[in-house]
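The first chain written gets the first letter, and so on, giving A, B and C; residue counts start at 1 in each chain.
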Amino acid sequence: MACVELKNINKTFGNEEILPCVNLRIEDGEFVVFVGPSGCGKSTMLRLIAGLEDPTGGDIEIDGRVVTEESPKERGVGMVFQSYALYPHMTVYENIAFGLKLGTANKSRIREWVEKTAEVLQLEKLLERKPRELSGGQRQRVAIGRAMAREPKIMLFDEPLSNLDASLRVQMRTEIAKLHDRLQSTMIYVTHDQVEAMTLADKIVVLNRGNVEQVGTPYELYEHPASLFVAGFIGSPRMNLMPGRIAGATGGASTQVEVGGLGTLTMNRTSDGLTPGDAVTVGVRPEHFRLELSGPDRGLEVVNVEYLGNEAYVYIELPAMDELMVVRQPVPCEICPGQRVELGTDADLVHVFDHTGRALPAFTPQPEAAGVAEAANR
Amino acid sequence: MPTASVPARRQSSKVRRQRLRAAWLFLIPMLVVLAAVAGWPLVRTIWFSFTDASFSSISEYGWVGFENYLVYDDGMWFGVLADPAWWQAVWNTLFFTVVSVGAETILGLIIALTLNARFRGRGWVRAAVLIPWAIPTIVSAKMWGWMLHDQFGIINDLLMTLGIIAEPLNWTANADLSMWAVIMVDVWKTTPFMALLALAALQMLPSDCYEAAKVDGINPVRVFFKVTLPLITPALMVAIIFRVLDALRVFDVIYVLTSNSEDTMSMSVYARQQLVQFQDVGYGSAASTVLFMIIALATITYLYLGRKQIGGEA
Amino acid sequence: MNVRLLKKIAGKVGFAVLLLAILLFTVFPFYYAILTSFKSGSELFTVDYWISSFDFANYAAVLGQGSFVKSIWNSVLVSLATVLIAMGFGLTAAYALGRVQFRGRSAVLMIVLGVSMFPQVAVLSGLFEVIRAMNLYNDPLALIFSYTIFTLPFTVWILTTFMRQLPKELEEAAIVDGASPITTLFKVFIPLMWPAMATTGLLAFIAAWNEFLFALTFTLTDDQRTVPVAIALITGGSQHELPWGNLMAASVIVTVPLVVLVLIFQRRIVSGLTAGAVKG
């Protein structure tokens, strides 16, 4: 049971700065997922917490104690590796017991621990097998068992499911979630798969080029992405991101944005510091559009319709956008390629990002300004 | 997030320090042993080269400076560097190195290309090719000495049966032939090494460029010179350099096949003859030192050229 | 159509001839040594291409000499001890060189490679002095000591290559489990290195078994010699009276174990040779 804190962590390999300056706090018992594209520094961050990598600058604290120079064992961490990294010449029992044997525990105590671990992970029948005699999922469970045998305060997972096939991945995901419920220990999990991140995490940390883009619950990340990067990274199909322009700012409480092909939207966003004419990016998730067939001379052209069984993706060409716009439609979907449609959306569901990629925060009415905001909001 | 200035470089962690300590602890015994069996004896050899020590009483010697290397005395030059026999040995060694390594490379390539084709029993042929490599040099020299025997040797018999020669040749004693006999034995013994390294290089080649060449209908000989050879050249160069450095210090095969004959004497044979047979440790050490310098120069050149490969990875 | 078929057949025949030539080239001298070893007396002085008689007189004569049998034992002892010593120092050094990043690592690798290039004759007089000082002249122990000059660098070099190939995560798993470098080496790496160690050991064994210059220089009497020296020094009255039958029998005796080892372990040997030499 432990909380972890990274303070001004910097990591540089040679001339390459992997993590410029990271500050992060992970609470006791939390399941935290680091997610981001490959090369964003998420694995490096995990390895720094594990003690397998030394930070170039900054400190790591566990339970308020600086552990920057301590070994993984002293930190009380257990780790599950992407390739499992089981000792090939040892049986499952020996793999799990290896770390325990290096401690001070006596033999019967070790056996007790291993058996308890094996029971939790349903490995009892496999204890005398060698890793090569196990299936991928079983190996993964042994790797988890080895990591948890010493009852670490913090369990670290480095892309543990990426070597498994899709169906097994779903199953193991559930098992890891159950394990967290059961052990209640702090778990830090690295993945590039946003589905894993969304389903497992109490808290997601989105990383991009070594910077923490946003920290939040899956709900917060999906509903209120703090930056253009998070907006584009979380959600599948991707959020539609369209170039827009500030049409009019009415004193900070509401903002009007003009988007080519969509018209002008009025939104409950603060527009402090923005002046009409400024370029912004407008984001709308595929499920937040309404489609209506329009006449042949109006609206936008449907380029393609993908039928997925439970829903359909309608691809629409928007002149201002390089990519096609995606709209999620329920099935049966009566729209066909070549038809023209009119797009509609709810202003509350539209995200606006300024030229630096930051989201314009939603306007929260101050008590004394409430009236003004009401008035401004049409 | 504000980018704070990067703090000063810190001390590495305990794990890192423990690993560094262990690394040196693990290395020191090996380095001590190397110093004892190689470093110190080398220093002593160089030291002896400036003395008049003799093999039977190696602890009693006097300092003679460069006399063993080169000295002008009574209107004559003396020392290793003035000895025509030494220069003959240098020439013999270089000739031997160039010809045998060249022949081994070509033969090795031919064997490697043959073994690179897929056929039944390839494993057995590959094993058979390894046989000469495993046979002790002394034994192969003796075996060939018997085959090359002037009166009862099978090679003379074969050549005479085929009508290539009219009368038996004295391979190992004839001044014109003995070096070729030595080269023959060395080529036989070390071609497998070349063949296997070339084969390993060939098997690491991507097959797609061959398929492309095949589709384009390019002549196989052209493919070899335009595609295969350039691709395996780096690996082949390493093997060649290993062999060159080995050939420069050749001793066994020459000593056993032709003993101390001046026609075939290599630098190593010359130095050992001075050291052991003539008991002149000072003079022999001087010859050894010159040989060492030559090989060191070749090695340094190689290390310099191959530096990236050694220090680069992992 | 016919031309193409003819070309195909010609190609196959050509390939078979090439293969046969290679086999003849590599195997024939050894075969001829075996053939000769079964001949005795005047049979030796007629050239035969096929084994016609099986006369073990030469073998009996060679093995009847106490000194030759002793020299086989010396060779076995010296080679095994040399391999064990090289392995002991080599494995730990290879761990340091293959798995730990430290300043001076490539310098140490250079030294190791440099020593493996040493001409043996260059250390001959220095080593002779050391061996005399240790009172090991004419003692196989002197050979164990001196053979380390070539087996150790070679062992370190090849084992380092193999050590590098082990997955990094395995070592990290051991670190997370709290294993010290020594525990990691002995409990995790060495058990996984058996194939590599077998290869390296075999190559070092062959190198030590075949060594000649040191053995010739540092031993004096028949019963202290190793087999290569014993064979080189088998003599008759003069060059023309060499007992070729005995010589070939002795050669076959010392070579057959090596050839058998090579045939069994050929794959490993090839991987070892390439690990030592081909690096990209």
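Operating definition for what follows: a residue touches a chain if its C-beta (ideal position, glycine included) is under 8 Å from a C-beta of that chain, and two chains touch if they have at least 3 such contacts.
For clarity, every value in this text was computed on a predicted model and none was experimentally measured.
Per-pair counts of C-beta contacts peak for the chains B-C. Among the remaining chains, the Cα-based centre furthest from that of chain B is the centre of A.
Chain B and chain C have Cα centroids separated by 15 Å. A separation of 59 Å divides the Cα centre of chain A from that of chain B.
Centroid to centroid, with C-alpha atoms defining each point, chain A and chain C lie 58 Å apart. In chain B, 15, 18 are the positions where the chain touches two or more neighbouring chains simultaneously.
Shared contact sites, meaning residues of chain C that touch two or more other chains, fall at 175. Residues of chain A found to touch two or more other chains are 51-52, 71-72. On the chain A side of its complex with chain B, the touching residues are 8, 10, 12, 20-21, 23, 51-52, 54-58, 68-72, 74, 211-212. Chain B makes touch with chain A in their complex at residues 1-4, 6-16, 18.
Residue ranges on chain C touching chain A, taken from their complex, read 167, 169-170, 172-179, 183, 187-188, 191-192. For chain B in complex with chain C, the residues that touch the partner chain are 15, 18-20, 22-24, 26-27, 29-31, 33-34, 36-38, 40-45, 47-48, 53, 55, 58-59, 110-111, 114, 117, 119, 123, 125-140, 142-144, 146-147, 149, 151-154, 157, 188, 192-193, 196-197, 199-201, 234-235, 238-239, 242, 245, 248-249, 251-252, 255-256, 267-268, 271-272, 275-276, 281, 284-285, 288-289, 291-292, 295-296, 299, 303, 309-311, 313-314.
Contacts from chain A toward chain C in the complex involve residues 50-52, 71-73, 77-79, 81-83, 85-89, 98-99, 102-103, 146-147, 150.
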